[in-house]
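A, B, C and D label the chains in the order they appear, each numbered from 1.
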Amino acid sequence: MVDGQTNNLMFNGEKAAGAVGDVAGSPEVVLRSDFSVDLVTCSATDMDVVRAARVSTVGSDSLLEEKGKDYCTGLINYMIRNRHGSPFEHNLLTFYVEAPIFTVRHLMRHRMWSFNEESARYRQLYPVFYLPDSERALRQEGKPGEYRYLAGTSEDHRLVRRQVVPAYRTAWSAYTAMLGAGVSREIARTVLPSGIYTSLYATCNARALMHFLSLRTRSEEAKFPSYPQYEIDRVARQMEQAWSARMPITHLAFDLHGRVAP
Amino acid sequence: MVDGQTNNLMFNGEKAAGAVGDVAGSPEVVLRSDFSVDLVTCSATDMDVVRAARVSTVGSDSLLEEKGKDYCTGLINYMIRNRHGSPFEHNLLTFYVEAPIFTVRHLMRHRMWSFNEESARYRQLYPVFYLPDSERALRQEGKPGEYRYLAGTSEDHRLVRRQVVPAYRTAWSAYTAMLGAGVSREIARTVLPSGIYTSLYATCNARALMHFLSLRTRSEEAKFPSYPQYEIDRVARQMEQAWSARMPITHLAFDLHGRVAP
Amino acid sequence: MVDGQTNNLMFNGEKAAGAVGDVAGSPEVVLRSDFSVDLVTCSATDMDVVRAARVSTVGSDSLLEEKGKDYCTGLINYMIRNRHGSPFEHNLLTFYVEAPIFTVRHLMRHRMWSFNEESARYRQLYPVFYLPDSERALRQEGKPGEYRYLAGTSEDHRLVRRQVVPAYRTAWSAYTAMLGAGVSREIARTVLPSGIYTSLYATCNARALMHFLSLRTRSEEAKFPSYPQYEIDRVARQMEQAWSARMPITHLAFDLHGRVAP
Amino acid sequence: MVDGQTNNLMFNGEKAAGAVGDVAGSPEVVLRSDFSVDLVTCSATDMDVVRAARVSTVGSDSLLEEKGKDYCTGLINYMIRNRHGSPFEHNLLTFYVEAPIFTVRHLMRHRMWSFNEESARYRQLYPVFYLPDSERALRQEGKPGEYRYLAGTSEDHRLVRRQVVPAYRTAWSAYTAMLGAGVSREIARTVLPSGIYTSLYATCNARALMHFLSLRTRSEEAKFPSYPQYEIDRVARQMEQAWSARMPITHLAFDLHGRVAP
């Protein structure tokens, strides 16, 4: 199972542009800097929102009427601006995600979502671990909740790599040693770091997604600024991009009105 | 707007087999005994469940693997029986419903669902009201929570009709008189009875639907018997039928294992 | 059971300042214009919020530390302004409410709350009905979602009373006639209007309450204006008043920062 | 901050009977085998349940009536058996918990709860790590979802200790080295294992707690057997014990009727 090939280790290995590659002399530890976000199921259109909203004023006619793009744009913008949220719930987006555990923990705080994750009780994990890429700021200033981030120097990045790779290796080695001796997976995993990758399905509707985006992306346009960690922000942006193609009017309205979930 | 034609009054008027027809001498009051339940959007298959469940043991392979019907049946039955509920959440069913307000109130107790309903503040309602049909038991015995129902005689049904029709007419007349005098809809509606029909979109996933069905259908097979009111039971059964065609393995497993939501 | 005495009909009858009194010649119909909102259980302090928030930066020390009012005020304002909502969830408020069904329906849209309501299946209801008092505007202008309300004239109020009282009486009479003939309560109640009073327990936490207040009160201070119906606004204001005495710092911060739920 | 004294490291250090003590020659790594569960706020009585249930049949009288223990026991058992769940929601329990991250992840799957957790972005963590004690079975047999656990030999326990301690040490050393070099906490924590302790507040009501207990405790009495991991089972049992003292009738009914959440 453990063969050092990123491609075989996780589904999106082949597009892991950020993957740093495996570690010389220790083939079993694979480093990765990117996040997989695939929209695997989607039943979500702007018209779903319009229809659900129209039932309040036209009842059953909402099923039949055809409304032009201008009308839909006006109505959706009105609802976003005035925070009429329920019409944005009659739709579904299911994402398949690969990310480190510490990032997945941010995602799984969102209780309006549904999740199923790879289990370290039920299977042996893969030795794929997170390493910040060169764009990832490594230093921070300021107080909790309002950090400013500073790019690390090349030396900083080398330092991080010098520290995390041996720690990952030691953890992986302890993990496989315990498994080899017959210790159960659920015990052996206690040494695995929060930087190890996991995979999961995450399902939400557009309202829950907007709430998530308002908290987990950092944006100049946001009426209520948020300071999410870089990694969850990158996961969130990929979700936002996939979603915006499906519900372009809703997405534009969300952005235009300060990225406040209705 | 008010023309006494069921067909024009609500979307499903034409298939209202149970509709008693309008009331002689008072064309504006329409009586109806049936409930409309249309599955207008659906993204729900048994394979969605299997894939979400499989991520726990095979991670990304869950995206690619093909599993036969026997395997899926076994896995889904295992999860229903052992109450592993989360894999049943990655799907969507949106129903368009027409039912009396007292029945919609039962439906809207379910907080895992999403709703948008016709608004008596934003529009003038239609004069369509509920009348129990001849199959509806009119009497009950026993204590709250465990009623036994007894069919009414023809005389009972005539009595009910003799009482409800004038009450509906008086209410409707007071409603339109107030509207005619310029009183706002949101005030005028205070006289409208809970038997008046309303329309709404109701969205859920299969897990929430099973929870709803376990409480709002009456069944000999149920491990935990429930005693819902007849009208919500009929709405629920229509939902169950539409759903069972989309997720037949899940539906069969739910039924087989005592109709307990996982 | 039916004796025309407001005092015996519902718990808060004796303080029903707005009650119009019973109707001459028809003692069984009681009119009422007020809403009962009693905070019957409360476990909610500003310190609960501070402690829950502090765990993120000081862990177990949050259990022991004493923080002055200035510190708490600063921290709570920071969290409200930046929409850190979860620390406002570790508390409880249970209200006992008496209001007309159409108002309770507004309240019960809020899915983060818990409810238990008087049942028209399990008991015979009381003949207590809603009549707008003289302060209640009776006319409205403008489009859905942004109504302007206009006070009714005395003649308007007389008109409403002239219409609703006979409708209530007819409904009540049909209800009791059916009950008298042995028809089950759950059928007989179909004629009862949405203006009849019901009673319930409604439980929430401060975060859910702020969300509710942001949508169900009308306020010049609101960053996102809302246009709730007058009756639910009055219920909401009574809840807000009771809550503000228990969590004064949180309430002030909510009001100061535009009444946006964190 | 790092002084090797369990007592100073986390609140419940002094009662950590299971703590193995610090590791010779490496004072900064502390091993711990127990879990802290303190009920820090509680507003929950059996009478809260009875009152909320009684509103359905007696309305406002529910506020005033006194019911004896036999009556309450009968009613609560009836509701548990027939799965009338909503009356069990009008109460609050807030627990302060210290447990390893992998266990807290099990707890935080429960979406009806409210959580605030110590943040590895906002503070430097303590070097307190999980080590299974001698009672913890280390081996497992059987397929996922139905494991049988086998006690480990003394040699097994020595093996686990021999593997985890160096892995913890290496991780902690990499963590502090990165912090010392100015790398942000949120990056440095990527090497910390899921066996590190975290602390949090967790709030629920009795209904959500029963649902949690039905899934996260293992019991012969359970109508639907569950196979939770040992560590979350121990956390759950401590919660159950604290809760049972506050709502003894509800707890007994839950246990008596197969530990199925209503």
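By definition in this document, a residue touches a chain if its C-beta (ideal position, glycine included) is under 8 Å from a C-beta of that chain, and two chains touch if they have at least 3 such contacts.
Chain labels with UniProt names: A, B, C, D = Flavin-dependent thymidylate synthase.
For clarity, every value in this text was computed on a predicted model and none was experimentally measured.
> Pick the pair with more C-beta contacts: B-D or A-D?
Of B-D and A-D, it is A-D that has more C-beta pairs in contact.
> So what's the Cα centroid distance for chain A and chain D, whole Å?
Computed from C-alpha means, the inter-chain centre distance equals 27 Å.
> Measure off the straight-line distance from the CA centroid of chain C to the CA centroid of chain D, and report it in whole Å.
36
> Just give me the whole-number Å value for how far the CA centre of chain B lies from that of chain D.
Centres of chain B and chain D (C-alpha means) sit 38 Å apart.
> Got the chain D residues that touch at least 2 other chains?
56-57, 86, 109, 115, 119, 122, 144-145, in rising order.
> Does the chain-touch network form a line, ring, star, complete graph or other?
Looks like everything touches everything, fully connected.
> In their shared complex, at which residues does chain C touch chain A?
Within the complex, chain C contacts chain A at residues 56-57, 78, 81-84, 86, 109, 144-145, 214-215, 224-226, 260.
> Over in the complex, which chain C residues touch chain B? Could you list them?
Its residues touching chain B are 100-102, 105, 108-109, 111-112, 115, 119-122, 130, 132, 136-140, 144-145, 147, 149, 152, 156, 159-160, 163-164, 166-168, 170-171, 173-174, 177-178, 181-187, 189-195, 229.
> Of all residues in chain C, which touch chain D in the complex?
10-12, 38, 40-43, 48, 51-53, 55-61, 63-64, 86-87, 89-92, 94, 96, 98, 114-119, 122-123, 126, 199-201, 203, 205
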